[in-house]
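Since the structure comes first, as structure tokens, the remarks are kept for the end.
To keep things simple, chains are lettered A, B and C as they appear, and every chain counts its residues starting from 1.
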Amino acid sequence: MAGMELLSDQGYRLDGRKPNELRRILFKKGIFKQADGSAYLEQGNTKVLAAVYGPHEIRGSKSRARHDKVLINCQYSMATFSTQDRKRRPRGDRKSLEMTTHLKQTFDAVILTELYPKSQIDIYVEVLQSDGGNYCASVNAATLALIDAGIPMKDYVIACSGSYIKDTPVVDINNLEESSGGNEVIMAVLPRCEQIVFLEMNSRLHEDHLSPVMDQIMAGCRDIFAVLNQKVQEELCQKAALDKLVDSG
Amino acid sequence: MAEEIRIVQPKEYYKRFLEKDVRPDNRELAEFRPVVLNIGCVTTAEGSALIKIGNTTVICGVKAELAKPDADQPKDGFIVPNVELPPLCSSNFRPGPPGEQAQVLSQTMADVIADSQCLLSESLCICPGKLVWVLHIDLVCLDYDGNVMDACMVALVSALRNTVLPKVTVDEETGDIQTDPTTRVPLQVTCCPVATTFIVFDNKLLLVDPTREEESMATGAVTIVTEGDNLCSIYKPGGTPLTENQIDNCIERAFTHGREVCRLIEDTLLSVDR
Amino acid sequence: MAAFTVVKKEDLEAQQKEESVQSLRCITSELGPLTQPDGSAVFTQGDTTALAAVYGPADVKISKELIDRATVEVIYKPKVGLPRPVDRKLERIIKNTLEAAIMALNHPRSLISIVIQETESLGANLACCVNAACMALLDAAVSMNFMVAAVSAAVTDKGEIILDPVSRVEDEARAVLTFVFDSVDKNIVTVITSGQFSQDEYKKCLYLTKQACDNVFSFYKDSLSKKLLKSA
């Protein structure tokens, strides 16, 4: 498409961001009463809800129970009105199923699963509005919901996407940049130990370019982590101070 | 100690409160929970609304598509409401196809739209026999803390009032469909039906706007849908038999509540600039 | 006050005619037409017919078991095709209505299953189904808190009220209201409405249907006593 420059000559992207700039992140933990942990997260125009139930007794077939670790049950669903064209099925289509498996694999790697043998943890993610980076927003929201539920994890899991446009690695791509046919790299990392839990790449990218993109994404993940961690810690401190006050009468 | 009684003997726990005409969440028997309404919160939808009644949260999104009308009703568009109760909203719901409750709610929404005639299917006609709008009204419950029916209804009406469709014309000769995204036409929503739900506790007391806990202990429920000074629906599916007076009382309260909710929707709509 | 009043023949006829507008259609029934269920009944109201069968109290699946009372299950079968969402709603309404009537606390950890087959739906279908189910429960001798009787009324465009409407009247009517009453205090067990109506019209419908439900209750009594006399 002419006239649609993903990266202008001055080095700005379509929505006016710099290549290494993230979209605005807003979030709130503990929004729902019914769930054991919940979180709402906005990354630009992508809005995601996550709810965590458990650990609880295994539901459904008991044969799924593992004697040495907890069973993690994920469901990724997109509201039918979340995309420009109406989605026929909110879940159960191939893309959602793929996303569900990816989420499950990601969180299997970071939750301390051996602590709750023969039980189950449910992670439900609902995308309310989608503008690219659904997986990333889902992972970040689910991480916050797990923190809210008080489930022990090795570290935060932070996901971020990136691409390589006009010889420049860009971070946190939106729907337009995603759908323009360029390459896309998605990473989920443990920001404190800098380990990669999940890595996915679509379409062609030169071998030499992979590592700058990954570095850029890693930097993006660290930034997201800083944003989330700061607020989480603040809230925790406030809560602790309040509890102390209550305890002392 | 109180929390233990609440779990082990919920009914006793409630009785002790209700004896003093107050509910465990500090409400009076006839008091509604605070309502928060946010209209136009999902930009990918043609119209949307989010409502919180106490903890209960429902989001509604309206998506429009073009379709060919049925041959026997060439002027009628399609209105398809659908209520979802995903496992996200409560541990009582399991993943899988929609349960009975969700199906009944979806049907009730369709019935209310038809009964109140708040949106006529003829108004969705673009070119008779050739092209009509299909309105998919998807309601997703995000947090289930009772009284989802009332919440769904407010969300539905607000989202419909918020909906704007692009102007579409059909070329008479070539049959080409032309969309003009610059001109946007709001839907013709003629009225504002409001539902009010009561439950019967212990076969005698009437509680308005029940929480999930109260619903699970209820021996019966009545939902009254009002529209201005008219009744759109009285829905009392079984449960404890009620006297005429009790139902009349409910109707009176439903009228007052209906007017209040209508005002809330109007006020919120005014504050949303488009 | 005169001891005798002369009633003219024309007056009487006119009165009967007026009554026929404001009374139920002809009710007939057959108790126990099916041999396999514990109780069954065909209930006909004008041309609307429903067949109900009751199984129970019987064994219940563990997943559906309630520890303090019987599980009541209603299965509604439409005339053709699979149950649609409309039928699921109907099913739910009938289930909740019968749950109130049945003494479920007497049979903990058991199942009372009611199957209703729509045979002919020509107006007041819900009312007919509820009545058929109640008769089938009576036939099965399931202990009940009270009997239930359902009566429908339609409000026309002009505001006239027609009791027990046929399907043509239902289609043209502005609103249709169905009431279910209990046999003890004549309180309202169920109200289901469609269409718009005023509070005044609601009250009129309630008044008329309440009077008409007595006919249904006495009909229950008659048919049951006939059957019992026969078997004795």
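Just so we're on the same page, contacts are C-beta pairs under 8 Å (C-beta built on N, C-alpha and C of every residue); 3 or more make two chains touch, one makes a residue touch a chain.
Here's who's who by UniProt: A = Putative exosome complex component RRP41; B = Ribosomal RNA-processing protein 43; C = Exosome complex component RRP46.
The structure displayed is predicted, hence computed values, not measured ones.
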Query raised in the report: Can you list every chain in contact with both chain B and chain C?
Result: none
Requested in this report: Name the most central chain, where centre means the mean of Cα atoms.
Outcome: B
Requested in this report: Would you mind checking which chain's C-alpha centre is most distant from the centre of chain C?
Outcome: A
Requested in this report: For chain B and chain C, let me know how many angstrom lie between their CA-based centres, rounded off.
Outcome: 29
Report summary line: Rounded to the nearest Å, the gap separating the Cα centres of chain A and chain C is 55
Query raised in the report: How many Å are there between the centre of chain A and the centre of chain B, using C-alpha atoms for each centre?
Result: 31
Query - Of all residues in chain B, those that touch chain A in their complex - result: 42-45, 48, 55, 57, 59, 61-63, 65, 82, 84, 86-91, 94-95, 136, 138, 140, 142-145, 212
Query - chain B-facing residues of chain C, complex - result: 85-86, 88-89, 92-100, 146, 175, 177, 180-182, 185, 187-199, 202, 206
**Report entry** Interface residues, chain A side, partner chain B - complex
**Finding:** 31-35, 45, 47, 49, 51, 53, 56, 59-60, 75, 77, 79-84, 86, 90, 122, 124, 126, 128-131
Report summary line: The chain B residues in contact with chain C across the complex are 100, 103-104, 106-108, 110-111, 114-117, 220, 222, 227, 229-244, 247, 251
